[in-house]
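What follows is a pair of complexes built around subunit A, which joins subunit B in one and subunit C in the other.
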Partner chain A sequence: MVDFAVSDEQEELRRSVRRFLADKSPSSEVRRLMATDEGYDPAVWTQMAEQLGLPGLAIPEELGGSGYTYVELAVVFEEAGAALLCSPLFATVGLAANALLSSDDDAAMKEYLPQIAAGELTATLAFTEDSGDWSAADTSTTATPAGDGWTLDGHKSFVVDGATAGLILVIANAPDGLSLFAVDRDAAGVERAALPTMDQTRKQARLTFAGTPARLIGTAGAGAGILARTSSLGCAALAAEATGGAQRCMDMAVDYAKARIQFGRPIGSFQAIKHKCSDMLVEVESARSAAYFAASEAADNSPDLATAASLAKAYCTDAFFHTAAENIQVHGGIGFTWEHDAHLYFKRAKSSQLMLGDPASHREFIAQQIGI
Partner chain B sequence: MNIVVCVKQVPDTWAEKKLSDSDKTVDREGVEGVMNELDEYAVEEALRIKEASGGEVTVLTMGPEKAVETIRKALSMGADQAVHLVDSGLHGSDALTTSYALAKALETIPHDLVILGVESTDARMSVIPAMLAERTGAAQLTFARKVEVGDGTVKIERQTDTGYDVVEAATPAIVSVVEKINEPRYPSFKGIMAAKKKPLTTLTLGDAGIESEKVGLAGSGSSVAEFSARPPKQAGQVVKDEGDGGSKLAEFLASQKLV
Partner chain C sequence: MTVAEAPAASPTDLLDELRAWLDENWDPDLTVAQWWERLGLAGWSAPALPSNAYGRDVSRSDAVRISQEIAAYGALGAPGGLGLLLAGPTIATCGTQEQIDRHVRDIVTGQKAWCQLFSEPGAGSDLAGLTSRAVEDGDGWIVNGQKVWTSMGHEADLGMLLARTNPEAPKHAGITWFVCNMLQPGIEVRPLREMTGNAMFNEVFLSDVRVDADAAIGEVNDGWRVANATLAFERAGLGTGGTSGITPVVPGTIAGNLEKRAGDLAPSKSKPKATTSSQPAAPRKAPSAAAMLIGFAKKHGRSEDPLVRQRLVELHTLGEIGRLNAERVKAAKAVGKDIPGMGNIGKLSMSTVMRLQRDLGLELAGAQGMLHGYDEEQAAAVQAVVQDPVLPAVTTMSLYAQAPPIYGGTDQIQRNIIGERILGLPKEPGSNSKVPFSELPKNA
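Entry: the complex of A and B
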């Protein structure tokens, strides 16, 4: 039986991270940072790494991390999602660090992971192209052997934090098939163009490579396997993040329903509002169960990780989107204003639904896995 | 330099605080307890001194069993060990008796320096640091916004209404800190896990040599005779603007002697 009750220590971690984010990522900071090109505060990132040890939480100790599991990391992602934290955390830890850990490339892990854990290096994974296909099945970026290394030609789209990441891990077609490559921040022939995003709290970029020198990570042809595992781990992280966001939307709605008086009584006493709030609670609770199920499957290195992660990704981001939409309804007119935070959560929920594959594609994958 | 940090568990800063009907003391059961915010600055300052010049940091708290949560928080920030003075006989102690109990507990811990926050958010008396200095005979360095530790000496900048005073004393000394002094660190998961393995000593009245008739509700010199809830907010006065709204507002402000 899977036991994913949160321990006292994990609860303390949650309190510590929540307090940190309340101090460092209040709504005013989220709004300030989402209007900047970088989209995050490097000082906060450094403190997250040096003091709280968050980027390295699930990176093994011999690679500079703290050596804890994906369940602790899920607690962090849940709180980050609740605060709409603008940060390279998802791209660096949820995608790039997981890709490196999945690559079995000892030299690359020893070089990059300690820097990531220390907060010195941000990173991302570039695997989607203009079609928006998250499976990389239609990859047109090519990798050509050149001397000791490789060169990359082509482009990548919707790259999370692609404009700022210090290390770009790229999925490209080598003669042996899809493979993973590392491109440094200052590599020749890389062009980075920021993409306008509906969810301004998470930046995306389009990257173009022209004869760009790159380093093969893992073995040639291993890219599809690395990507599949990384995508599952990224989905588990997104699911936890969405759970935090959904919880915050519900809290906002319930607080407002208790405080807003209409016709001489709190609007929460009206059935139409009550039903919305109780439906939100059912979704948030189910989402949390799904998210921590996926996180514990990741922690246990379970063969069922892919199914659990798809399940959590589909359910949690749908739950987030629905609670974010209902939160606006419960707030009424004020929920539609720019000044109210409801729309920030709504937009994050939408982008989380689509990122790493929409809920329908994940449900289809689950159906295939269980043979229906 | 060995440092003792006194910390107190208080009801959550933002929660509604209540007194219990039975004995008119603060209700600590019904609300979530947190470490008194100013004490976090005290822990941080102690850790910084330790990191710069060595020594050990011991956390001392007096409070019910639940207060062990606050001890754990201080240990997860990086303190080395803790002493918990816990005894039902201490319940209801006022500031004067608390300072007596803490002074007795301090005798059991070898130290050069005691650091604490200037006040707690529940009682807000701000007298414990001074009382402790008086009872232990240590130098009193209160309202510190900066602390410098020398060889057997401590120099602080004491925050005043108009600026600051520089005050220096030989150890042992009692230092109380204001929130301007630093930014308390946030515990990492590593720190949280390490805190579980750190030594925690529990002291009863007898262990600390505290005379039971001098502490607790009965031993306290002051007591709460009566309390009542704050009256509900009254509806405000509505001024209808019929071209003279401005002067009506000015009249109101003048009647309240605000302009």
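Entry: the complex of A and C
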């Protein structure tokens, strides 16, 4: 049963994060960081951990976190999305930490999660390969038992923060089936090649493994289940991020429509422009409802999480993309320039639509769940 | 215009009181008129109205709970119609106590049925541009004009009439809200046939219709303000929708229900009389649009088509999001907050859903989507060919789907409202609001 009540604490969290991001992630910082290879400011990541406890917000207290729920995390992702924050947040918290928390591997959780919560370790999940299949059904990377551990051979692509992550979690085929492994940043036999992305605010890399030493996380053969749950949680995070991005695009469009004068009056007084903005509000508020529903299902450990997350991911990233595209249109020529920020949101929106499965694939998943 | 919120009674206390009252007062052998007299005067017909207007000052959500509880108890519910929905709240808010006693009593006791005489052929989205004219005559007025889209006009005792009392004032400043006797000779109600083939609505021609001095609710020439109160009640009502899931009984002298046995029109009990539970009965839910079309797609062998699957899930998604939006605004209001624009968003979203249902439904029907019965004979002929009871639901809904984007404020007006009142975008210039009405351009 979804509870949409917003607590005072959640509102205070939102205000704090928004203030922090207005200070640390203004447009100038986004542009500066997106032009670097590293793609984020380690000092800001440390501040996010030490001042606001963000990486560990939804990590249990006994593992070094603050023990809040996925709903609070959604608030953080929404604000991060609105600010186009360039940071390891999505890969580390939205993917890797969720994979660890879904692995049932207490030793691994005790080793890695406190470091993540403290802002001392960034991480990512490498599961897609060159084919771009997000279900990892066609995984070709293999894991071979080697002494007390394992070695990995193969490749992974579209790995978010793949070039900079301190910890790389990898989905590979072990003799018992798909399994989750951990590879340290300095492990032997790992090559990381940055992939040039349309959305330069989110870095991706292609990784190759040749006899790379790896540690099994969780039970051998449990990888498909861990990946499925992690994907759902990652989709819920993306949906919240997309909601924030869509809101910011609408705000930009409305502000411009009020300020820009043509034909002797603000362009927002023309119905064509006004109605575009109104349609954006419909999508933004609807996206918000979908994203917080998914977050709520995650917080409740609902058996229907996967369906809710797919619904939210499909709807919210579509909404983000529509509002981002319309934001460019409302701005006219200046919206097409590199100098204006509208394209940054457009590109983040498109990337978000495609990452973790495009909206059509999520709708097909929902079709199967609801018995079509 | 909001109705006063409940002061002290908790929902539990309220429903306990209601049940005790129903134990004492419900008697299926009463006539409908006798039952509604009891129900109305005890404040249970329209509990959200103020206590000086035959209500109990409860919140809208408590009012919904009350009507659900009455249905669950198996008693006949409050009278239906626009009297309770629109005229009662309007007069309670804007009328004098004498007008409240004269009109609202008959509304809550179901003695009088009401219709709305607002829209005109020349005044739809621009309602303030209405031209029905009320000319002073002695201490009353004589009204001439034409109204349109009047539902239940043929069964109404009284009408909520907007007429122009001062054509020389700017258009918003020369309108009066009158109570109009629908049973006088100058009123002609003509059914208006819609593209569905039905005549749910009427045209109403007013020829030398008389309204008395005390028929004006609010001040003369201040009717636009009163009309806006009515429209706000209409928007809120469209939002809450059917409360008990049961069609209310038509009140008034014409529908012929007043002398029937109350028990014959009461719903059957939906569950045993609950003496300890404080939970009202859940309203019966219609199957969702998506669920209906999923079954339809399977029946037509189209459910494996990837394009069909995508659009079915889009429909399902929109339905879910509509539900989630309603939950989210309810949660906000429960703590005294609001999400601006959700009502308008709901209406726009409904239009999108209806269009998708229409297009997907007819596409799934294939060639059969070209068949439709406009009367029982035609409908039977269609069934003989298709043998599928879902098809007429699909074609009927597809014809009706053009209405929601237009009624209750068109989609374009909704977007103007969102843009201007929620997002703060400027209005179009030159809105003619200061020019005397008589000088404004109009259709012939």
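Everything that follows uses one rule, which is that the second predicted complex is superposed on the first by the 371 of 372 C-alpha atoms of A that agree within 3 Å, B and C clash if a C-alpha of one lies under 4 Å from a C-alpha of the other, contacts with A are read in each partner's own complex, and residues count from 1 in each chain.
Keep in mind that, in the parts below, a contact is a pair of C-beta atoms (placed from the backbone, for glycine too) under 8 Å apart; a residue touches a chain by one contact, two chains touch by 3 or more.
Fair warning: this is a prediction, and the values are worked out from it, not measured in the lab.
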Return first, second, both or neither, reflecting whether A:275 touches subunit B, subunit C, both chains, or no partner chain.
-> second
Which partner does A:57 reach: the first (subunit B), the second (subunit C), both, or neither?
-> first
A:285 contacts which: subunit B (first), subunit C (second), both, neither?
-> second
Name the contact category of A:20: first (subunit B only), second (subunit C only), both, or neither.
-> first
Have a look at where A:12 lands relative to subunit B and subunit C in the superposition and call it first, second, both or neither.
-> first
Taking the superposition as given, does A:360 touch the first partner, subunit B, the second, subunit C, both, or neither?
-> second
Chain touching more of subunit A, residue-wise (subunit B, subunit C) = C
Both subunit B and subunit C contact which residues of subunit A?
-> none
Which of the residues in subunit A come into contact with subunit C in the complex?
-> 2-6, 254, 257-258, 265-266, 268-271, 273-275, 277-279, 281-282, 285-286, 288-290, 292-293, 311, 314-315, 360, 363-364, 366-367, 370-372
In the complex, subunit B residues that touch subunit A = 72-73, 76, 185-190, 192-193, 196
Over in the complex, which subunit C residues touch subunit A? Could you list them?
-> 290, 294, 297-298, 303, 306, 309-310, 312-314, 316-317, 320-321, 324-325, 327-328, 330-332, 334-335, 339, 341-342, 345, 348-349, 412, 414-416, 418-420, 422-429
Note: in the complex, subunit A contacts subunit B through residues 9, 12-13, 16-17, 19-20, 47, 51-53, 57, 66, 68, 72
